[in-house]
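Lettered A, B, C and D in written order, each chain numbered from 1.
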Amino acid sequence: MNITNNQASKALYQAIDKANEIGVSANITILDTAGHLKLFARMDDAFLGSIDISMGKAKTAMLFRMNSEKVGEFLAPEMGTYGMLQTSGGLVGFKGGMPVTTGTEILAYIGVSGGSPDQDFEIAKAGSTI
Amino acid sequence: MNITNNQASKALYQAIDKANEIGVSANITILDTAGHLKLFARMDDAFLGSIDISMGKAKTAMLFRMNSEKVGEFLAPEMGTYGMLQTSGGLVGFKGGMPVTTGTEILAYIGVSGGSPDQDFEIAKAGSTI
Amino acid sequence: MNITNNQASKALYQAIDKANEIGVSANITILDTAGHLKLFARMDDAFLGSIDISMGKAKTAMLFRMNSEKVGEFLAPEMGTYGMLQTSGGLVGFKGGMPVTTGTEILAYIGVSGGSPDQDFEIAKAGSTI
Amino acid sequence: MNITNNQASKALYQAIDKANEIGVSANITILDTAGHLKLFARMDDAFLGSIDISMGKAKTAMLFRMNSEKVGEFLAPEMGTYGMLQTSGGLVGFKGGMPVTTGTEILAYIGVSGGSPDQDFEIAKAGSTI
């Protein structure tokens, strides 16, 4: 099953509401389970450099079906996974990317960038259950 | 002046309403006046190949501040502009990309792909005045 | 011999003066004889899409040591030079790119984009002898 | 507001004067606030490898609206921001990139490469207030 527009909008606006609540201007990417772009929004004043980071986090979560920071554990230099970071056009392995689920099933992946990694995580989390 | 989230949403939903009205599943891209992604939506059942086409049309309109099909007039083989097509990462010169204005000022560029060029034009047109 | 800053500035400002004279907002690229960027200016209001075109014209002239439209003669579809257009990262084979000389020796290559091909040629021509 | 040719030239020549004063052959890039190239100069004898570094520093400063070395603080391996370095086509996070302002407003971004990071910083600094 793939995410519908209504579901993607719900995830996006839940994330935007949280971003507004904690005072962060974020870029928010929703990818379907195959990694194709479904919905994207750049909030006013969000960093331009965070557009691509938000996409990278969502893509990284999608590629391995886990949170982006979980993938990051495999990317740390001491892991010796030489070159893995550059695969699939470049992974982004820190907080802010995760699955979007109905509680049981993965429908999509969300990636957030604009604040600190912890803030990005909190915003993504708010959009991760629909 | 650059487009705000509220303005971009207005343009996007006007375009989506038109797409629904004429029965087309479209990809819709809104870029700011410098070409950075502001808002994107892929309607349910829209072609995956149209994601990039919608972005290319919006980018092409932005790069030359005119409709994408107008840029296309310069790209026709008989114009002898060999290679122009590949500049700036690749231009997309047919109907579906145009400025988004308040009537007087360009705030953004919209690119639509999913139906025929004429349908894409009609959908983009619906989102082009806010 | 390669072009100096003083020589490159002379070529650039001769081209800008011509552009102002004929009312065109141009992008102007000066490459050394090895194709490395030496000087670039985007005039106010010049098309963003013309940045890359001006670079492509200068690069194309440099790669074959002749005017960009001369290279274009080899790129026409009827020439059967399949794929040549895409070589060296993409050629741009129409008017606006040419050598910069002291009359006898090639010191650099200039590429201009912003107006019609004929206007771009005229602007480049103004910067081509120093 | 975006930078004009006169303003960009002022920033560039202030930077070149400083480079001459401290005996460094630098590459100097001026990007508008959206990251599009406005003005570029490679001083005589400047490293060819520094062309792209100067552009990368200016781009990095632009993407996050802060000095490039400030962005670099987020890129250090111990920060665990795996992959951030490769986003937006590659970031350059050390001294030499910064905003160009009138004192109050950011008009552009400057990136300098050719000397040591400290020298590049000093040269960029000289061009950063116009």
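In this section, a contact is a pair of C-beta atoms (placed from the backbone, for glycine too) under 8 Å apart; a residue touches a chain by one contact, two chains touch by 3 or more.
Remember, predicted model here, so these are calculated numbers, not experimental data.
Superposition on CA atoms relates subunit C and subunit D by a rotation of 180 degrees, given as a multiple of 5. Comparing the contact residues of subunit A and subunit D by number shows a mostly separate set, under half of all numbers used being common to the two copies. Inter-chain spacing, taken between the CA centroids of subunit A and subunit B, is 25 Å. In terms of their C-alpha centroids, the spacing between subunit A and subunit D amounts to 30 Å.
Between the Cα centres of subunit A and subunit C there is a gap of 43 Å. Residue positions of subunit D touching 2 or more other chains: 34-36.
If you draw each protein chain as a dot and join the dots that touch, the picture is not a line, a loop, a star, or fully joined; it has some other shape.
Applying the touch criterion to all chain pairs gives A-B, A-D, B-C, B-D, C-D. Note for the complex: subunit A touches subunit D at residues 47-49, 51-53, 56, 60, 72, 75-77, 85-86, 90-94, 117.
Subunit C meets subunit D in the complex at residues 4-5, 8, 36-44, 48, 51. Across the interface of their complex, subunit D is touched by residues 32-36 of subunit B.
Residues of subunit B touching subunit C in their complex: 34-35, 60, 62-65, 71, 77, 80-84, 86-89, 91.
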